[in-house]
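Labels run A, B, C, D and E following the written order; every chain starts at residue 1.
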Amino acid sequence: FAGGQKEVKKAERTEIRIGASVSLSGSLSRFGNLVKNGYELWKDTVNAKGGIQVGDKKLPVKIIYYDDQSDNQTSAKLTEKLITQDKVDFLLGPYGSGPTFATTAIAEKYNKITIATLANATKIYNRGFKNVFSVLSPGSWIFYSFIDMLANLPNKPSKVAIITPNDLFPVTVAKGAKEYAEKKGFKVVYYEEYSKGVQDLSSTILKIKNSGAEVLMGSGYLAEAILTVRQLKEQNVKLKAIAFTTGPELIDFQKNLGDDANYVFGVSWWMPQMKYSGPVFGSAADYAKKYKEKFGAGLTYQAAAASQGGVLLQLAIEKAGSLDTEAVRNALKSYKGTTFWGPTEFNEKGQNIAGGTVTFQLQNGEKVTVWPPAAATGKPVYPMP
Amino acid sequence: MLPQAIINGILLGAVYGTIGIGFSLVWGVMNIINLAHGSFIMIGAYLSYTIYTVYGIDPFLSIPIVMVLLFLIGYAIQRYLMNLVVRGSVFITLTFTFGLQILIANICLLIWKADYRSINLSYSGASIPIGGVVIPVVRLGIFAVAILLTFLFYIFMKRTKIGLAINATAQNYEGARVVGVDVKNIYSITMGVSAALAGVSGSLIAPIMSINPFIGGPLIGKAFVICVLGGLGSTVGALAGGLVLALVETIGTSFIPSSFQNLLGFVVLVLVLIFMPRGLFGKRLYNE
Amino acid sequence: MNKKLISIIISVAILSLLPFLVTGFWVRLLTNIFMFAILASALNIISGFTGYAAFGNMVFFGVGAYTVAVLMNKYHFSFISSFIAAGFISILLALILGFLLLRLKGHYFALGTLGAAEAIKYIIDNLTELTGGAQGITIPSMKGGPFLINISFYFIMFALLVIIVIFTWWLSKSRLGYTFKAIRANEEAASVMGINTTIYKIVAWSLAGLFTGLAGAIYAYWFSYIDPPTVFDVMWVVRMFVIILIGGAGTVFGPVIGAFLLEGLSELVWSNFLNLHLGILGILIIITILIIPNGLASLTTEGKGLKGLLESIRKNRVNAL
Amino acid sequence: MLKTEELNSGYGDVQILWNFNLEIEEGTITALIGSNGVGKTTFLRTVIGLLKPYSGRITYRDEDITNEDLIARVKRGIVMIPEGRQLYRGMTVEENLKMGAYARNDSKNRIMQDLEWVYSILPRLKERRKQPTGTLSGGEAQMCAIARGLMGNPKLLLIDELSLGLAPVIVDDLVKLLKELNSQKGVTILLVDQDVQTALEIAQKGYVVVNGRVEMKGDARELLKNPEIQKAYLGI
Amino acid sequence: MKDEIILYGEKVTKTFGALRAVWEVDFSVRRNEIFGIIGPNGAGKTTLLSMINGTLHVTRGSIHYKGINITNWKPHRIAELGISRTFQIVKPFPGMTLLENVSIGALFGKDKIVNIRKAQERARYVLSRLNLTEKEQAPVETLNVSERKRLELARAMAMDPDLILLDEVMAGSSPADLEKIMELIVELNREGKTILLIEHVMKAIMSISHRIMVLHHGEKIAEDKPENISKNDKVISAYLGSKYVKRSQQNA
């Protein structure tokens, strides 16, 4: 009866089938396409060498993509399709925590492993799922390097403000930043979650002004980062430093803001300037070069994280020597190592607890890495002129 | 803090007003809730952006060009598509404009990609301090243009023959035909004018907000609220609706967390509907 | 009539066997189609029959889903009891909103419901303690193997669909159905005939709300993670309107036919055109309205053969200006 | 002035008018009478151009206007006061009247003069000039519709149900008005009315319509004396 | 019993802003009477009727039916008491057939038939009395003026009311149809129904009404038997006109 539910026999394999449902259209498509670039780059790199070593055979990688149209409901449906129709062996995750919630629930039902490349909302990993592993460290960590940098400044500020749209990932980030800043002795004089998707932040800006904050940390997305910088200026609010999670690393940010983008800080999970290296891609700089050859400019951490997802999967399969879910899961669990992306180690829930973050600053059009010192290519300009 | 919030609200409100006027016009005249209105605004913003980046023309100066282009787009859409179904039920026209909206968004996606864009003027961010408050220059300019155009539109509707004909057609299709109004043309002009107004809104938001092909949806949400607040079929109402919404948003969120900003707009909408079913300035007998 | 009955029985039989023969993806797809058919049928009661464009109908879906989520996540209720609770809360909400909003007419009503739905969405969004706020809330997944889980949800949705279709069928023949239609046609005249329009409108709205809320309840458990933007998504209502439109408003099977066509076709035909499918959906909507504005159900009434079909298409066209 | 030859017209598949022949001389008043549903309104709608005839010919001042659209016909001075009034409900009386002059190319001054003239003959409307027409009483609305027609400066005036819902005094006034228009301004009038007596009293010529066909035509006085007509339409 | 008053109003008033549409009108209608209301256009006749059946709010004063104060009741409750009305500007249910239109009246109205088939039977009977049987399945959009008016009447009759409020049901009807409707109204009256009638067709209202009330500028200026009304100077100057008097003398 339940013929459709049976697994394909493994003996006849000629390739490793990997499924990825990503947003190629709709509101998340900009990032969805970056993620796809990352997956493609990894796949080409592996297949150029004949594929992944599974036991005594080398099997090429085939990635099947579907477009979830930036809709959670659709991404769940497509994941079920990838598993039951296309019979994929593993899954690479979508962009964002929302769709990852949806796809990992399906994958768990069928006992398939997902490497969640761009989803680190804590809640995803608190559901007791066995089959989800995160490339990124917990979302709440992303401002750590920026806060560390502030704490080490000679003329360090004492009052900081944190704002975030009330959306899954940004709020996780903002809460983490608040906790860490307080731990480091800063006074969080203003913390606010504003409505997602607003086109006007003037009252929030006013409240920041009134709070006497010296430094602003903004969680959220590109549009909000641009809006914040612009309205800060309009309302004549002068701060000593401004930092964002998403925004400064993208070319759009500078294009949209011109000179006003100068000296804004960005925090990121990864920068090409970092001095990590490891198997598959070599060093971070090597990776950046490869990316540029294939896709031109515009490398961001999103693409790198996606490639890193592939790398982790590849290393685990090679270590397990099989495509069996159980074996690969064990290999991932016991993995501890460094690649171009940096260090990785998973806890019980599948979160990466070894990763760090970097802080950079836009200085006259250049992204200058300023923290941690080990990766730094320049000094932070503080306070902003 | 409050005076500044009020200033911010008023400046933003005029822009909201322009968003509402064109929407309200099409709704009032043709009984169409034009879900593609947000897309028209988006096209206006993109045109303004493109003219600025390619020819370096200031968005304030390119407003007439954008208006003309959007008028043509609106006119053509009405003439060759919408006129075919405009006599159908509310469901039909509504769903039709929804289809149109998806289509336009996707065409824009092909042309301009999903990237966020906005116009960065040399004087953006400049502001005039007066007393304890500051007035951002760009927003002041936008405010002035919005008020001016609202005024011109008001005159157009009240004083010109075409304006009267638009109104008459709105209220009695056959009655308008009988006195010799070319209703096909009037409908198309109406949509054209509405689109031109949307173009103005687009030009005005391009320097202060980020645009991408998906901003149409949220803007429609605003247009709804503004239109209902102000009352259907009233230019002054749309302006008032815009001001009220913007003030509610800016003043309201000065006292309560900003996460309630969107909630506030809708709560006001529902309250107004319950207590003043025709909005602040809505006319009786308008599409009843 | 007899022929119709036979084809219905055959369809039901096929749909009962199908999940045992196809893969999990198809089971999900069908479950999803059933859900949209339920939602569209529910909307059909208030909008198709009674003529009130309830744009905010998703409010019931969201509230139903959140009832299940909160009860199961926070208070460890079983699914069955949460499901029943979702039904009650949906009706309660319909009563409250109905008394406030059903005095409004036409577009104003559409907007009023939309406003109320958005307001409730943002309230749930801000009740972080209870609902998890914008971060969403997870629901304990159903226990069991994938096959069991798949067919369970399949048959729950299927049963609800059958119930609502039977109900609509009864409605179309009943005094209640006449009443709804009279209200749609001319409310003032209806009230002068002795119809308490307020009460009947609330009845229609509650029925729509009940079924929508129950569908939302199942959805939450099925999906195991919900957040406000998804379960209160206005675009879903628009999709339901498109479904009703394709099938035929105010008819019994229209919404079901529409759901199968729109959701099924979109899956089979154009979801493979990466990047383009949304545009295709737009074009499809426009073409449907240009050609068969009254839905497929309007086509069956005219004579036989291609000529009859073309004739009925011609007759049902919206007259151009 | 106006002539229809073998006119066939109707709604889609439902043909209403059959080989309809009618002729109106310039400067006269013609009455079109018949029971309900015989096609009088349909005829007027075809003449003004709201309906396209299936076949046949319409000539106006010896020019074939069969294929001309409604706007061109209005510009020629053919004006209709439609059944059911068709006012713009949300607009004021005055705005409605101004719309009546829509197709005219006259100066604003001329139009304002006409407005005053219309007000002078229908003073009730002047009282209500700022009231939205949707709230007028039935009879006031009828007056407004007639006044709007007059604002079109008609050469040929088609009136569908002049007296419908009007108080007898008002009907008297309007009848006087039509006579004046006809004799002093030379407006040609085609009048449809269920008050057959009044209609035939002011008309020179009458047509009787039965089931979409002209059944009888002739001098209005004679028709009034015709026993058949007296029996069928005058209730005598 | 015969002279029992079943409907009366005291100082009934309706204002729209500064406009006195109806001003302190006292009136009373006796059981089984045909009570006519005439008056110039805009005199407030329709407004008064709408207040009686609850579609318009009463500004001041009170209205009583069979001893119950029904002032400002909802229209549907008044319908349940057995009062039905027609609209001067007809309001059919579009998109439904004639039979369905009339069935709704039977399903609700006074005695609320629950069985659809029974309601349709009643509707058919009513339609046959109005010569509309042939058009039973026609969509209402295709009806002409007189048919629409008769449809209004049919719906009101299907509700099986005791009191029927008729607002210009004869306007636009040809003399032949007029005759039939007049007969029907008289017949209904003989069957025991009380009728309140607004009409500008003098021939009709003068011949079938038992009593006539005349409104002018919202106020009552006369109330009497038809033959006296047509001689009342106030009524002649405000409403009938001298020509009417002349003509009716001629015909007589």
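Going forward, a contact is a pair of C-beta atoms (placed from the backbone, for glycine too) under 8 Å apart; a residue touches a chain by one contact, two chains touch by 3 or more.
Quick caveat, the model's predicted, so the values are computed rather than measured.
Undergrad: Touching both subunit A and subunit D, which chains are there?
TA: Correct list: B.
Undergrad: Which chains, if any, touch subunit C and subunit E both?
TA: Looking at subunit E and subunit C together, no chain touches each of them.
Undergrad: In terms of C-beta pairs in contact, which of B-C and A-B ranks higher?
TA: B-C
Undergrad: Going by the average position of its CA atoms, which chain sits the greatest distance from subunit C?
TA: Max centre-to-centre separation from subunit C belongs to D.
Undergrad: Distance-wise, how many Å sit between the C-alpha centres of subunit A and subunit E, to the nearest whole number?
TA: Distance between chain centres, rounded to whole Å: 76 Å.
Undergrad: Per the centroid of Cα atoms for each chain, what is the distance between subunit B and subunit D, given in Å?
TA: From the centre of subunit B to the centre of subunit D is 42 Å.
Undergrad: If you average the Cα atoms of subunit D and of subunit E to get two centres, how far apart are those centres in Å?
TA: 29
Undergrad: Could you state the distance in Å from the CA-based centre of subunit A to that of subunit C?
TA: Centre-to-centre distance between subunit A and subunit C: 37 Å.
Undergrad: Residues of subunit B that touch two or more other chains: which are they?
TA: In subunit B, the residues touching two or more other chains are 106, 259-260, 262-263.
Undergrad: For subunit E, give me the residues that contact two or more of the other chains.
TA: Touching at least two other chains: none.
Undergrad: For subunit D, give me the residues that contact two or more of the other chains.
TA: Residues 135 of subunit D touch two or more partner chains.
Undergrad: Pairwise, which chains touch?
TA: Contact pairs between chains: A-B, A-C, B-C, B-D, C-E, D-E.
Undergrad: Quick check: in the complex, which residue numbers of subunit B touch subunit C?
TA: The touching residues are 27, 31, 33, 35, 81, 83-88, 90-92, 94-96, 98-107, 183-184, 187, 217, 221, 224-225, 228, 232, 259-260, 262-263, 266-267, 269-270, 273-274, 277-278, 287-288.
Undergrad: Tell me, which parts of subunit E touch subunit C in their complex?
TA: Listed in rising order, the residues are 53, 55, 74-77, 79-80, 84-85, 87, 91-96, 100, 103-105, 107-110, 112, 114, 116, 119, 155, 159.
Undergrad: For a test of understanding, state which residues of subunit B touch subunit D in their complex under the given definition.
TA: Contacts found on subunit B: 161, 164-165, 167-168, 170-172, 174-182, 233, 283-286.
Undergrad: Write out the stretch or stretches of subunit B touching subunit A in their complex.
TA: Going by the criterion above, the answer is residues 1, 4-5, 8, 12, 106, 109, 113-118, 120, 124-125, 127, 129, 134, 136, 138-139, 205, 208-210, 212, 214, 218, 246, 249-251, 253-254, 257-263.
Undergrad: Which stretch or stretches of subunit A touch subunit B in the complex?
TA: Within the complex, subunit A contacts subunit B at residues 25-27, 29-30, 166, 192-195, 197-204, 206-207, 210, 222-223, 226-227, 230, 233-236, 252, 255-258, 260.
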